[in-house]
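Letters A, B, C, D and E mark the chains in the order given here, with residues in each chain numbered from 1 onward.
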Amino acid sequence: MNPFRAAIAVARKDLVSEWRTREMVPALAQFVVLALLIGNFGFQIDSRNAPSIAPGILWLALVFAGLIAFGRTFAAEREQSSLEAMLMTPASPVAIFAGKAIAASVLLILCEVVMLPALSLFFGTPFSGDLVIAVLLATIGMASLGCLFAAIVARVRARELLLPLLTLPLWIPFIVAGGQAVQSAMGLPGSYDQAIGLLIDFDILFVVLTSLAARFVLDE
Amino acid sequence: MNPFRAAIAVARKDLVSEWRTREMVPALAQFVVLALLIGNFGFQIDSRNAPSIAPGILWLALVFAGLIAFGRTFAAEREQSSLEAMLMTPASPVAIFAGKAIAASVLLILCEVVMLPALSLFFGTPFSGDLVIAVLLATIGMASLGCLFAAIVARVRARELLLPLLTLPLWIPFIVAGGQAVQSAMGLPGSYDQAIGLLIDFDILFVVLTSLAARFVLDE
Amino acid sequence: MNRLEKASVGAVALMLLAGAAIFFYAPTDFLQGPVQRIFYLHVSSAIAAYGCFAVVLLGGAIFLRTENYAADRWARAGALVGVVFTTVTLVMGMLWAKKVWGAFWVWDARLTSTLVLWIIYAGYLLVRRLSEPGRQAARLAAVVGIFGFVDVPVVHFSVTWWVTHHPGPVIINDALPAQMLATFLFTMFCTIVLAAVMITIRYRIETLMDMKQLIAGPVHVVITREPGGVAGPVQ
Amino acid sequence: MSMVVANGLTHRFGPELALDRVDLVLDTGEHMAVLGDNGAGKTTLLRVLATALRPTSGRLEIAGLDAFRERRRLRHYIGYVAHNPGLYPALSAAENLEFFCDLQDASRSRVAEVLETLGLTSVAHRRASLLSRGMQQRLAIARAILHEPRLLIFDEPDASLDAEAAEVLGLVMKGRTAVIATHDHALANRLCPRTLVLRHGRSLGTATHLRVVR
Amino acid sequence: MSMVVANGLTHRFGPELALDRVDLVLDTGEHMAVLGDNGAGKTTLLRVLATALRPTSGRLEIAGLDAFRERRRLRHYIGYVAHNPGLYPALSAAENLEFFCDLQDASRSRVAEVLETLGLTSVAHRRASLLSRGMQQRLAIARAILHEPRLLIFDEPDASLDAEAAEVLGLVMKGRTAVIATHDHALANRLCPRTLVLRHGRSLGTATHLRVVR
């Protein structure tokens, strides 16, 4: 059994389905823009306080978009009860899980591709390579955690609602470190390198942990 | 055919199902608290700027909770393909729609019951009857719009993702007027009465419009 | 050339004329300089977009009442063209804003409500794309289009209802020099003609696509008698 | 009197012609089975007859009323069982039926009756999600007859039913007009004096006690 | 050699005893039908045999391996069709199968073969969501035999199949060990020399060409 073949097949299947139905990407992208919009209504934003508020809105929007993307990736499988069929094959659950995580992250990254320029366009905050790196690093860890918990809640009723509950607490390290990195990339005081170092540590920790845990979550 | 009997039956069925499975309420409530937490991490909040940031967080959290609650109410029907069965009865679609809107609003109100005290607990903002009235008034209009669009997207692919896209723009009046009312209830300058009057006008407009439109959305 | 082709050539020619008027006839604004010339197309395309969305509103409402698919096709055409013109307004406005306000975007009621308008009708197009073609899509979209139109007056009156960064009404307040006003009125006329032609062309395309899909062909009754009494005539 | 008069019912799903000018007259009290290969268009025909799907073209009259203009009224007359039972998983069998009583403006006393008829009394208080497939199918049938409809439209009602329940099917249909789609020719012959065979969306005509030979 | 050896398989769903000490020995190449009323426990038994459900107690050996310790390896041997087809709606019939080829590490050339076997060649490029119920069922069967399993576990495979496809079922089972749950006694007798009857989760014993009398 070749786990890479299985993982790639799963990721490709998810992305092909997405491409066919174009369910997530356009709506996700516009949803993110809308989050910006609402954020703006709640807070009186001007050029002075934008760098301190924009990261908060960025993370809020990304967190919600991520929850939806990850929730959807397993919910769709369950609605179709195709998850059981997939688990009845000899493919390793870790490979299946990795495939789904890859596909969901690709979608989330597409979503960030819209989000980051929109942010600097609408709030006038600087757009830099540092910003992109910080967001990407946070995405890796958030994606592996998000997928793990999405897999857990896919086997539970009310998955849309349980998912945030389980995922958000563990995303907080990424939100805090990522928020710090983004803020300093936007010119506020704070050490960018330190925040990035933290993000990398968290990434390694959680990618290892989730791939160990995937077996227990998807098996049976 | 008695439309009230049908509407009440639908609302009761939804609430009984919810009570049995306890899918939404606890998760929704904790989800709201978590949103507060994230809000806290994203923004540097102190007692000075709390009244200007807290309403933003309140509305963000309520909007996302609302989207989930309304999305779920029709998504569950569709997954079970019980929506078709319900529409095959002589009960009027408007009555069915009203029943579902009532049930979803009850859930959203329960959610606010957690949210408002939590807000004043976390951010130290004042808690008053004015605040409650403003939030409730906004809820009515948002609920009827949310249910209408939830019914629309229940018949469309990618409903989780299209719902925010359609609903948020039309919720903006409530978010704006409600935000104003909440801010002045929290002691910021701005006319509370004017904002409340606006909310009432919007409520009447959209409740009438949605009950007219329900027929076209649910029929067939 | 058929009539549509003639009309399109006419509309393009009119737009070129309008361009000439904007750049060679209209005077340069003494405060803002040449960038003010954005004004003509900026406002005209906003008004053309309102017109398109009115077509969506009417088409949707008529479809809901009569189930006439032609009305739905007009609505579809209107939405697409309206989104195009809203995009033009937004992009032109943002370019202008960069020059005179120093930022592509500020959050005020006019700008935000215009963005919301764009989003609503983009959502309209998505609903069409994602629901089952035919009656279902037509009805759902009609409802979205009717609700969405609520935003049009909001966009228009936003500058009077709220305090905005965006300038308030200048045209109806007689704040424009005569030459500018004339240029503006002519540009607006040309833009509306262009929008009407674009809608008509799109309507044709939608009709052809419907015919290809045979989504909503006319209801025709075939009465057949088969031995064995399978079917009898109606009544 | 004719209960169902259909003329040239045609339905297209995009390019796919699922139903091709089907004509049909069904007398009151008549039972008809719809047979045909997979993909022949049985489900499509039944959904049209149940007014759940609007045909691309064609006319349909039920009980003398235009089926698509008077749809709301007709729904008092029609009991429809689809492929998918469409039950509320969190509600018990009895509660599912009670809910539909309210929607149908029927008296709740019917619930116990139909549960009894379908042999579900012993699981009346079990949640629908915990019922076996056959029991869910029985419950869907029970729901379709709550309001004592005159016209039954059953799409593969025998799927997952055991022999005993298949008997009950005959009982349920007695005294009512019925159209059932099925793959079980023996059952069709037993329950329905008349048979309509579809192939590629076309009616091959109807027959009495047809022995379909392949 | 025995393909399946089950000892005292018992499964409880909460208070409900769905499977009650079922013993079973199945030789390689043997075909067995599982019959029983609605709610008798057929699906529960089949899910346990397919290693999709872990029984509350009891032992199960498949091909000489402990079924719950060596589950991953056994899945190469087992082809399972559940009640619900579980297809990917946005993928075409062929793509669905190709995907499962990858997961099963089977060669993609099998896809055309099994599509041919199940008579799905003409709809190979149609999206799964647009297939009729019977075609979806065929596709689920096609998926279950992609990897040439030695043991087939089919839960009501005949549901919604037309007569032609029911024939194919016999072909598919040839040369393999098979357990099928069904309500169609005629089909069971035709395909399976051996029959297991369940009642209230209990095995009433197995019989050869049993004529079940009620």
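A few points about this structure:
Quick note on the criterion: a residue touches a chain if its C-beta (ideal position, glycine included) is under 8 Å from a C-beta of that chain, and two chains touch if they have at least 3 such contacts.
What you are looking at is a predicted structure, and each value in this text was computed from that prediction instead of being measured.
Chain pair with the highest count of contacting C-beta pairs: A-B. Comparing the CA-atom centres of all chains against that of subunit C, the greatest distance is found for E. Once the centre of each chain is set as its mean CA position, subunit B and subunit D turn out to be 38 Å apart. Distance between chain centres (mean CA atoms), subunit C to subunit D: 46 Å.
If you average the CA atoms of subunit A and of subunit D, the two centres end up 46 Å from each other.
A straight line joining the Cα centres of subunit B and subunit C is 31 Å long. The set of subunit B residues that touch two or more partner chains comprises 21, 157-158, 162, 165, 169, 172, 220. For subunit E, the set of residues touching two or more other chains is empty. Residue numbers of subunit C whose C-beta contacts span two or more other chains: 116, 119, 122-123, 126, 130, 135. Those residues of subunit C whose C-beta lies close enough to touch subunit A in the complex are 103-105, 107, 112, 115-116, 119, 122-123, 126, 129-130. Those residues of subunit D that touch subunit E in the shared complex are 13, 16, 36-39, 43, 83, 123, 130-135, 137-138, 156, 159-166, 183-186, 212, 214.
Remark: subunit A residues 21-23, 26-27, 30, 33-34, 37, 40, 45, 47, 121-124 touch subunit C in the complex.
Taken in their complex, subunit B has these residues touching subunit C: 145, 148, 152-153, 155-158, 162, 165-166, 169-170, 172-173, 209, 213, 216-217, 219-220. By the touch criterion given at the top, residues 1-2, 5-6, 8-10, 13, 16-17, 20-21, 80-86, 88-92, 96, 220 of subunit B touch subunit D in their complex.
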